[in-house]
């Protein structure tokens, strides 16, 4: 932590600051330039940092406080430089494979889900996605089948052997959803729902943490740290687009986040080209781009009849489109040394 | 709802679309221009709209669907053109008064809260704020005193007569917090926590809904509609700054939102200059600007000793600063015809 | 300047860095923490800084470089703490007065401009605005009357005595526009047109520099520094809204920028509520808010018949609306101690 | 164009609007719903559109005006559905090839440029980049060698046979730069410098138009329309990252823009991974991602000694890194059917 003093900080103020720091047990380096005095603080214990930064920033004679270390540790690269590899009922995530999760936005019925599950499996997908509890901007929209949807997912999993991933939105549902799903999904709207993060952190099931639509990479990793801090290290990050001024697409897919996460964290990173674009016609290009940039996996919306989808029809691929995309993904994955 | 067809939509596709619309009971106006055919759909029932828009956008021969009506109704201006006025234990909110909520970010102890409560009351504040459950970007930061904090708030309220407002973050805590607080606060991070919105919607206590840091005004009103749709119309909106590329301030205070809410909704609108800036030195100017632009109230962080604040010290006002600000607010409120 | 080394930087690399810094004549403070080594560099000459920061950031063993001093000097607060006051043909700008510039977006004809000039003068405006060269997103829109428009402005100025402000967009037009106008306006789209900034910096006429719609406050001040670095210190800053994800308004008026500029710079700061909102109905509230937050002046679009305006009709006030607004501004200006 | 009336628009107002539209020669469809009346306007001549939209939006009884057609024509997909292919001194751009432009940010000396030109040619690059006129946020930074830099570029081009691309920033320099360069580059800061766009539109040399850092895809295409409207159709678009709230990277590379441009325009689209990230370590992943997503070319900063680069060192690749990247690009390009 570095503390930059105001140009008009007095001698007394500087002395008081140094005394305070020493009393807290920190080492101190004070460097008096012509225009500013800068205090280097050594040995800040990680856990106190947030509070300390705010404390020193509150002092009237402090211009700003600059943290030096990252505000996360368990999910940081240094914690496990070789990278995290998960095994979800035989499906490997991370470690040189490309994992494909596919399925409808929402579980609408047993028939449509089974039909989709069989098809995506045949095309090479590894995990089945489908929503039973659905967030929705409007209170009057469909919010999912709830536990009935979970049962249908389980059925489809039993028949096809595909593990499943489904979203949980309420701390009170974590236990219920956990009875059915193989992977919890935390949606973009709940990335800063800290109670929920802690609750899934208390389970020992893998969690896919989608990036908040207006969250920085650092905040995203701090959200992952919430989960890890409860003892659950089985975390998958998923870039799903962020909010910008652009209106042609639903979100802006932040491709930079893929290599950035690779250099900052040991966690696997996925892409969600469906939400990142909101437009079916753009999904293939974004999928291929994400694979070439190094993602560990994909999560893609597929529907037997997108025009009749209850939700997210405009961004869902038809079976035919998904089949073609899987064909196109293979050579790109190979070109960057990934096993599909 | 207006449906714009792709330039290459065939006659058959147009006929199919019109037939579909008529079968659903809608009136249809079809206008064939030189380059595009446009279909006006009349009589869309409000509740189906979200699903319908996605349905029609999913059709391969549809270029885009343009909603005409707002996606909220209960919180829309037309629902109650005269404006909503709340009465919280004798304190009027809306309707020409300027209501000031003040207090520390976090309840740290009974002493500091009482001291603050007495002071802000003396300076003319109407409601006491203070956090017992605190969201925090880092899992290692302080998260509030919990129920103990609620009890301290109640005590301070009993002594000073000030009603209280405090944040609730977890659906499981709504009942507990509701036993102590006069107003629920939903923080920016939970504006899209739809389970929580519904839960406070099921109570009959007033709710202050802060704007999500990356939420449009329309999404904010839809979040309010979640609460109202459960039967709770006692809602206060609060602009607390949005996220932009600017880094000098913690957020960007969106002043436009004040008159925009006034023309779109009947709900009272507050400003939170503390979070909107993140910098104590900017709080007075933003407070005065918000008052002149027409807010119904303010929520301001005040701390007996900001340098020792557990959280949000850099944006908290000292007693002296809050006293001076209240002095400065008075003539501006009068200049725009508000009673403080 | 502070240089943070990578955790794996070797002894030799550190030595090389320190030797390099000393050879350049800098003082050096090296602080070796448990996880990072941090090098404080003292005595960085202002002018070299940009290049140096990039140089050190390019080193493979450097994690990041943190500048300590602001990247502008002539326009910084410390350069003239008492604040800059301009005098434009008898009109004072800055120093406790509130200066109102008003007029149409575009000079459409001599009649409409004269009519507007007379009216805004009567209502108390101090300076007449009007565009002769107009930027336009579409190449097919109207681009202004050019020199004819300048002549009309001059005529209106002669008759009413109001000084004029008009935009210049091309380095080749600076001489021509300078023959007619009292103040150059640099539009938001040209805030980073550095050739143009230098060109108006070479004149000795006042320049209003609008903030780039996606420029930080720091970049804005650096753009002002371009003008000042040529010897022209007669600069007025103007906040006109920035670009965000919000779509209800044309831009987001960044109220925080008003007090922020006041603490960072000595230059007068204006607000443009017309462009900041893009909606006539929001202009009054933003105007009052800006005045209460401390602006030194306003620039407002007024048109005798907004429905017939060639450009910016939706955000232009009618005569009646402008008259009412001036009435409303007065008590707010007084409430914050400004002379109108 | 569709005009949505205010709910309280009177019969007379509606009649006046319809009469106005008919007098202008438009066809009109009027659809009266329960809550809104909507007027479809048919036959809007493209060129008048901007003005008309503003005109109708200015009417007090109009809620909003919705344009149906795109505000650009010459650069739109429909104008040349087969796509534009350029030939720059034997180098094909567009049409199934992947074109690589490489070189230093700035021409620093004849030696370094020649060394770089020879190396990038050997590695398979097709065009040499290098700045002679450099934009810079600070007035005190290096601004390029000017004409001397142009001469050095020409020399390197003569020796290696590589065509060159270099930036032009001032309308007054277009003639000069045009004497030396094969392709004009318009930088992100000048995307809305309309005078400059028109000036290069008046030449018959290819122009690379970088996206403005806060410009929508539609505005970018309108800027391209400026160039095309002067008769110069030899335009290359270049996505170089947009500005968001993310601070870890210099910009956010908008991958969605690649397929979006492919569906909206016939112009070739390039990626600039150097500026898109600002970090050398992220350049390879973004390059591969852009290629897989379908770009027609790349423009990459390469420097013989990035640590000594005058500008943009942190994002420049060393020779070794560029050589490795070209190796990695080849199989990805092949996987998506592009010839390198």
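A, B, C and D are the chain letters, set down in written order, and residue numbers restart from 1 in every chain.
Everything that follows uses one rule, which is that a contact is a pair of C-beta atoms (placed from the backbone, for glycine too) under 8 Å apart; a residue touches a chain by one contact, two chains touch by 3 or more.
Given the structure is predicted, the values throughout are model-derived calculations rather than measurements.
Set against the C-alpha centre of chain A, every other chain centre is closer than that of C.
Centres computed as Cα averages put chain A at a distance of 38 Å from chain C.
With each centre defined as the average position of its C-alpha atoms, the distance from chain A to chain D rounds to 31 Å. Looking at chain C, residues 214, 243-245, 247 sit in touch with two or more other chains. The touch graph of the protein chains shown is complete.
Across the complex, chain C is touched by residues 46-47, 49-51, 54-55, 57-60, 71-72, 135-142, 169-172, 189-190, 192-195, 198, 213-214, 219, 222, 225-226, 229, 243, 280, 306-314, 316 of chain D.
Looking at the complex, you find that chain C touches chain B at residues 214, 216-218, 241-242, 244-249, 251-256, 258-260, 262-264, 276-277, 281-282, 284-286, 288-294, 328, 331-332, 334-336.
Touching chain A in their complex are the following residues of chain C: 2, 4, 7, 27, 29, 31, 33-36, 38, 40, 42-43, 66, 68-69, 78, 243-245, 247.
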